[in-house]
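Chain naming follows the written order as A, B, C, D, E, F, G and H, and within any one chain the residues start at number 1.
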Amino acid sequence: MNRDLVQLLQQVRSGAVSVEDAALQLKKEPFVDLDYAKVDLHRKVRQGAAEVIYGAGKTVEQIAGIVAALRQNGQKTVLITRLDEAKADALADVPELVYYPAARIAVVGPIPAPDGAGKVVIATGGTSDIPVAEEAALTAQVMGNEVVRLYDVGVAGMHRLLHHVDEIMSARAIVAVAGMEGALASVIGGLADCPVIAVPTSVGYGAAFGGVTALLSMLNSCASGVSVVNIDNGFGAGYLAGMINHPEGTK
Amino acid sequence: MNRDLVQLLQQVRSGAVSVEDAALQLKKEPFVDLDYAKVDLHRKVRQGAAEVIYGAGKTVEQIAGIVAALRQNGQKTVLITRLDEAKADALADVPELVYYPAARIAVVGPIPAPDGAGKVVIATGGTSDIPVAEEAALTAQVMGNEVVRLYDVGVAGMHRLLHHVDEIMSARAIVAVAGMEGALASVIGGLADCPVIAVPTSVGYGAAFGGVTALLSMLNSCASGVSVVNIDNGFGAGYLAGMINHPEGTK
Amino acid sequence: MNRDLVQLLQQVRSGAVSVEDAALQLKKEPFVDLDYAKVDLHRKVRQGAAEVIYGAGKTVEQIAGIVAALRQNGQKTVLITRLDEAKADALADVPELVYYPAARIAVVGPIPAPDGAGKVVIATGGTSDIPVAEEAALTAQVMGNEVVRLYDVGVAGMHRLLHHVDEIMSARAIVAVAGMEGALASVIGGLADCPVIAVPTSVGYGAAFGGVTALLSMLNSCASGVSVVNIDNGFGAGYLAGMINHPEGTK
Amino acid sequence: MNRDLVQLLQQVRSGAVSVEDAALQLKKEPFVDLDYAKVDLHRKVRQGAAEVIYGAGKTVEQIAGIVAALRQNGQKTVLITRLDEAKADALADVPELVYYPAARIAVVGPIPAPDGAGKVVIATGGTSDIPVAEEAALTAQVMGNEVVRLYDVGVAGMHRLLHHVDEIMSARAIVAVAGMEGALASVIGGLADCPVIAVPTSVGYGAAFGGVTALLSMLNSCASGVSVVNIDNGFGAGYLAGMINHPEGTK
Amino acid sequence: MNRDLVQLLQQVRSGAVSVEDAALQLKKEPFVDLDYAKVDLHRKVRQGAAEVIYGAGKTVEQIAGIVAALRQNGQKTVLITRLDEAKADALADVPELVYYPAARIAVVGPIPAPDGAGKVVIATGGTSDIPVAEEAALTAQVMGNEVVRLYDVGVAGMHRLLHHVDEIMSARAIVAVAGMEGALASVIGGLADCPVIAVPTSVGYGAAFGGVTALLSMLNSCASGVSVVNIDNGFGAGYLAGMINHPEGTK
Amino acid sequence: MNRDLVQLLQQVRSGAVSVEDAALQLKKEPFVDLDYAKVDLHRKVRQGAAEVIYGAGKTVEQIAGIVAALRQNGQKTVLITRLDEAKADALADVPELVYYPAARIAVVGPIPAPDGAGKVVIATGGTSDIPVAEEAALTAQVMGNEVVRLYDVGVAGMHRLLHHVDEIMSARAIVAVAGMEGALASVIGGLADCPVIAVPTSVGYGAAFGGVTALLSMLNSCASGVSVVNIDNGFGAGYLAGMINHPEGTK
Amino acid sequence: MNRDLVQLLQQVRSGAVSVEDAALQLKKEPFVDLDYAKVDLHRKVRQGAAEVIYGAGKTVEQIAGIVAALRQNGQKTVLITRLDEAKADALADVPELVYYPAARIAVVGPIPAPDGAGKVVIATGGTSDIPVAEEAALTAQVMGNEVVRLYDVGVAGMHRLLHHVDEIMSARAIVAVAGMEGALASVIGGLADCPVIAVPTSVGYGAAFGGVTALLSMLNSCASGVSVVNIDNGFGAGYLAGMINHPEGTK
Amino acid sequence: MNRDLVQLLQQVRSGAVSVEDAALQLKKEPFVDLDYAKVDLHRKVRQGAAEVIYGAGKTVEQIAGIVAALRQNGQKTVLITRLDEAKADALADVPELVYYPAARIAVVGPIPAPDGAGKVVIATGGTSDIPVAEEAALTAQVMGNEVVRLYDVGVAGMHRLLHHVDEIMSARAIVAVAGMEGALASVIGGLADCPVIAVPTSVGYGAAFGGVTALLSMLNSCASGVSVVNIDNGFGAGYLAGMINHPEGTK
């Protein structure tokens, strides 16, 4: 931003840009105002990376409008999260849109080839955690990451997890997805030597409190290198894992 | 109780006991009324088993009074829990009283020889959980159990726990004591094939919430055979483990 | 496990097993990987005991697949918990499957004859707690226990409970199922001399908070020998009670 | 109030009171403004009944000032609750003040002879609940009630409570004081046929949450006729029990 | 109970009752065991008073069975609370059953003429609180009380409440029903000199937390003589108010 | 009120009003009693200002009745909040009623021309917060305020907010509407020099806890001049903002 | 800010300011960097208004350093909140510093003459709420407001509040300070026609939960025009009330 | 681990290691058993990296013992966190120990030269958050990271943060430390394009709930790339940031 600022001021100096225009330009932000949404065109993390739309709480019309604005402004791939099946059906006409029902995700445009430093492992405690894990996996893939899925490796049958200790030891980032008591994050954190992003899920009943128990458990992990995102926030974990797997990508 | 009732009624029939005496006897309960406490003399789980006084919230005088009442009524061993050091000092004159500061427990009278069916394992996640574990261990010992202590075997360094898999596999009952995220209970529950009594501790900070996180985590354990007692309730866990280790003891 | 390990190493020594095969075998775990689930074949608590599938959050296809994998690997009886009526209907073709709607449980294969040390008593505070109690009762029965049902014996009409004091006094393990204020566990705990497993239920309204009040109440029981499982976790309580009733069963 | 109003207006009519004086009088309230407190002189429930000062959060000077204002305005007896020992010492010069340390209550002036319809029973679950019970008992006595104390009759040893079933059956109002799981209120509520006022206490540890568990438990009592006051609010319960025991007293 | 006991023992003495029969009779409790429910026939608060069935969580068949058992045993009036409209329709054949949809209450048999000491006032903060208030009102009426309804007198428009100060001042017991911030209980408590039973309702949104805010507010009422029942527990409040209005009724 | 009181008393003095009539008049309040509601006619904030009906929890008949009572008593405009679409349809016959579905608001009668001191800015963090913002906006408009809408200016893309710094700097009152972490209120509070009314919304998932996180976040705002209303309470915020924008309006 | 920006750019154009200097100036913010604090010199709400230091969590040296930085940069009056007595003593040498122990506030420099549009009323429910109220009162006074104090006017004795209805009716802004059930805010909100800022206090015990109950109660106020600040946040309420009382002051 | 395993098995094959020794070795774990602690010697993240001791809940003797065990086993640097000043004094004799009181950290041995990929930025919202930030900063430094400290840049004065946008844009990992409403994490997350680790602190009062509000706020951050650790867990955040800044370090 500073480089742009100096350049702009030099143009003011040289008279190439008028004072009024410069003031205007400093105020003009790189977003499209759709009235119901101010679409951010600024966040091109890397050339070709996906822009993200949070689908919950937006109408089909709003989502379609934002996709169109992004595509018109040169965005190759658009990721739509928390998109229920009914909305996905209503968006069937959007070109290049592919819907992944398990993950409740739609991808508009191509999924790029993996270009990260290594692999992202996504593990779940049980079968019921898979939808959240898929949200993380697809997000990471859309960001250009190779993903290894380890599903149903919860701590009640430890041998299932130990069976995959190689994948865990060689990952660049791990997403640990678990509900109920969320112990998976601690156990993986104790085995791995890369960052572990813990995703509590709302799987469970009674004193699982819709994921609060897993959330608290993960926040208190006795293993180092573990951090936590919101309950069921597969997207956030996949995004962060992909970011860690692209250590040069953001410089 | 029914046997006693029929016997009493037969004595009424035979005239050996008057109606008034029988009514009185039916009302007379086997406790000593100390005004501030009604001391239960009825609960002789087995010949020689210890009676228990919860020391917190009682004055030194009250504790001494209850001990005296119990001893006068033939109780061999009395266990006093939650007894802080100051009160223990003030009770130094009580005959046969031995104080265990780490466990905040005093035992009045002899600790019986182990006569349970097997061993009770008491494991902790960390060093800070040891006081609660000692409360459990001493309680079980006073109830006639052989105790195996496995301290600082938390899941962040899984190999420490796996090192003791033999003790875990051969226990009759296991007490799993852990604070923070409390994952120890689930991991032990997945390894053991005996009842696991989980004791959440108030060890931790921030979102550990004084043991609530460990409590919730343990209640949601994905392993079967795990049940939970109150936060820091070493006594309750030790008592229950001892009970399970005496399957014939209570018949 | 250690016995197996020594044996394996001896086979390596003798050349009966190659180094590569041994390394493989040490890694090969006794589970079937169904992609969406890693089915545990290892947990044959005793010859003929039931394996358990948690039905909630699994599709009909997943459940059927796991049942098939278990049966093919020699499991006589399979217990499916938290199975709603619609899924049970869809599983009607599974051979030997019997569905118990009140308990939301299906049993595939025979229920074994009771072979425990004594009886398991299952008591409820009210009529509305019966479904959770039935989940516990059927689980215990599938594990080979004789079950005594004492339903609607809540503390508001104490005489109903006292009427059954004989059953309570002679049990090997008691499951106390109650919602609202959950006082039943304490009262039974004060009467019984065997382990009492308290199951809070989500029965009640307002400040019952879906079972949280009963859960907290039970965790704070002033009676010794009481431990607690998750809200509505009839399975866990029945399983644990059955385990306690088979003191030799797991050695 | 209406009687006074009509009378005042008649005096305006007759000229005995000027319009300005009447307007003033209607605004003039029966309280003494001490700047830091507006002392209510209006609430003379009955001739001779005690006025109450909540001692916590008030300085010694403020308490002394309010006592003086009340006595000067004809109040015979003044009750000061939540008065710690240090403040009580500092108030030693106040005439007729008697301090009850267990209840943290001071009474200024005579305790009236009992004139209620029957007896108020005050029961506690354990020894540690006695201070709250004494606050209730003294409050009721100062309001002219005969009080029966049943201390340490918790449900873990049911026979202790059943031993006193006569007192419970014949009470006009019962105050049930208990911490931990608070089951005492339900059990007494199931035995008694008069109003039961439940007082949760902060006795307990861990998941007792400073009385919250007992509070929730009591609010969910399955027994009819039970209502609840704030945690440790012995005063409120004693006051209400005394009110119920004086059914004609307030008409 | 004691009178009966002495009499029974005298009959044993005289031979009028055999020892076996006496033991049996002491165990035989006055309830009908319907398998799913143990119907209490013992609780005849007064001649003709209503017995109560909590309708939620019971099937139509269970309710009908309990009503029949009660009527056959001489109960004149039966109150069924928390009865939704569908169940009420299904019970249409039950003789003498009248359903009150606003209160979700059915009354089987006659509503007795009022015979209390005075009037019970039932006040609500708003229009939405009326269903809970009607549950309280009908319960009190069925127990033989005259009820005065003061609806929509919340504190935001204080004059509406002050308009009815006469009714409040002359009541024997007041039920204050309010959601949201629940201030009504405190304001009425400050005006009245009889017991005030506060009923928090689940009316409100957001930080009303389904009645928790009103519940907490009422528990902290700065007015004396206020006690609280569970959220939306109109029955409990009406029952207790009726009990207070019959000070001689239970002796 | 005092002015009226003196006048009334003077009329009593002069005999123009009888004592009985005066007493009556003092008791007669300016509301219409509709049995289910006591409609306040007293609150005419200013000539022509709107009266408000909270639509949730009221039947269509009740709402129509209250509207009629208000209109008959001279109220020009009536605002109905929390009115779902079904009820709005059922009220279609009410003259001059216009329904705003996004805001769930109906306005009966004209919306007055803006006459406030300046502008009220209403900002949202995201698109999903718009319904609550519209409730605030319409409420403010009905109260005679000019409203500036700044939607989807959340802190994740700070430039969108900074783009509108002029509107924020020149507002008389700002309503900041946000869910999730609710940081918008703090950031606006740090930029603005007028009162900021923060409205947490129930937008979000998991640990958003239905708006509780945003509520807590806003209550802890490190910016001065920020106060908070209930979750989703657009009405309350719009009303208060309008009040602040009419500093002379209430004198 | 825009005015400054255009001016700066014009100076760049004219060569009066170099491009490098302009870039620097745009980055140079009006604060003093004290390493441990970045002291804001920008926020001179009006000529002469006070700058504020939050004293809690800062050392005496830090506070003294910030005061010095502010005074050197022309700030006339500095307000230090949450300053305990020990720190105030240690700051005794700071020139012009006056400490108010009840409010835990120090004012450095003169308190300006009131210049607001009207009066700010500050009311408390009880005597114990006075410290928080004084924090609000002094803050408002330092901001140039005339303050009316109404202390101990809680709703349990409604006449005390009604006695001061004139002050309430004529205020420009009211701060309602109350603990326990916090009903004061609703009652004042129902009487007043100006903004009411509710301050929950941590006064109370048990289910008052350190002010949470009062907070929730105030957030749910059924009266319009009420908003809420954090528990015990007298400063925030006094600041906001003063802002509302200076409707022209910030333009 | 697998490499070691194959090697071991080959040695068994060749007879270089006996079967018994191999079984033993497979069980022998690389930790020192100090009875009260099982000291992990296995976790040498990289040559020379620091081993960590959590000082809270350990005695001085225990800490000294663990340090000695680590040093004797070749650990160059040992980090001791949560070490209060009294314990630090008692450990003064430990060679090479340096204590940092603000961070409550002791470092035994040399702090290594930075060898990470870039810089770690550590920012705080206020002055009171500095202790937690220092714990993070020292942890990262001990792990070989260059640390940039940005303290007191909270969102209430946004320009302070924007002033440092260069440091934020060029970081490899950012630790955002804030209490109260915790908005700092979202604002930094919106500006940065590297992982942001949010640390809620217990700074604040009232509804800050000891850091819970900041924790929840950060979990709900609307910015991507933000994850959260436990309240006040500076160590965890610094450790994770250092790990991210060493993307090759752990392979």
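One rule holds for everything that comes next: contacts are C-beta pairs under 8 Å (C-beta built on N, C-alpha and C of every residue); 3 or more make two chains touch, one makes a residue touch a chain.
Here the structure is a predicted model, which is why all the values come from computation and not from measurement.
Chains that touch both subunit C and subunit G: A, D, E, H.
For the self-contact between subunit A and subunit H, the two sides draw on mostly identical residue numbers; the shared fraction is above half. Here the C-alpha atoms of subunit E line up with those of subunit F after a rotation of 90°, rounded in steps of 5. For the pair subunit A and subunit G, the distance between mean C-alpha positions equals 41 Å. Once the centre of each chain is set as its mean CA position, subunit A and subunit E turn out to be 54 Å apart.
For the pair subunit F and subunit H, the distance between C-alpha centroids works out to 49 Å.
Separation between the centroids of subunit D and subunit E, computed from CA atoms only, is 25 Å. The residues of subunit B that reach two or more other chains are 2, 27, 126, 157, 206-208, 212, 215, 219-220, 224, 230, listed in rising order. Those chain pairs judged to touch are A-B, A-C, A-F, A-G, A-H, B-C, B-D, B-E, B-H, C-D, C-E, C-H, D-E, D-F, D-G, E-F, E-G, F-G, F-H, G-H.
Residue ranges of subunit C in contact with subunit H, taken from their complex: 2, 5-6, 9-10, 12-13, 15, 19-20, 22-23, 26-27.
Remark: subunit A residues 125-126, 154-158, 180-183, 186-187, 189-191, 204, 206-209, 212-214, 216-224 touch subunit B in the complex.
Across the complex, subunit G meets subunit H through its residues 27-31, 35-38, 40, 42-43, 54, 56-58, 62, 200, 202, 210-212, 215, 230-233.
Considering their complex, residues 1-2, 45, 52, 117-118, 165-166, 169-170, 172, 193-195, 197, 215, 219-220, 224-230, 236-237, 239-240, 243-244, 247, 250-251 of subunit A touch subunit H. The part of subunit C that touches subunit E in the complex is made up of residues 126-128, 130, 151-153, 157, 159-160, 162-163, 203, 205-208.
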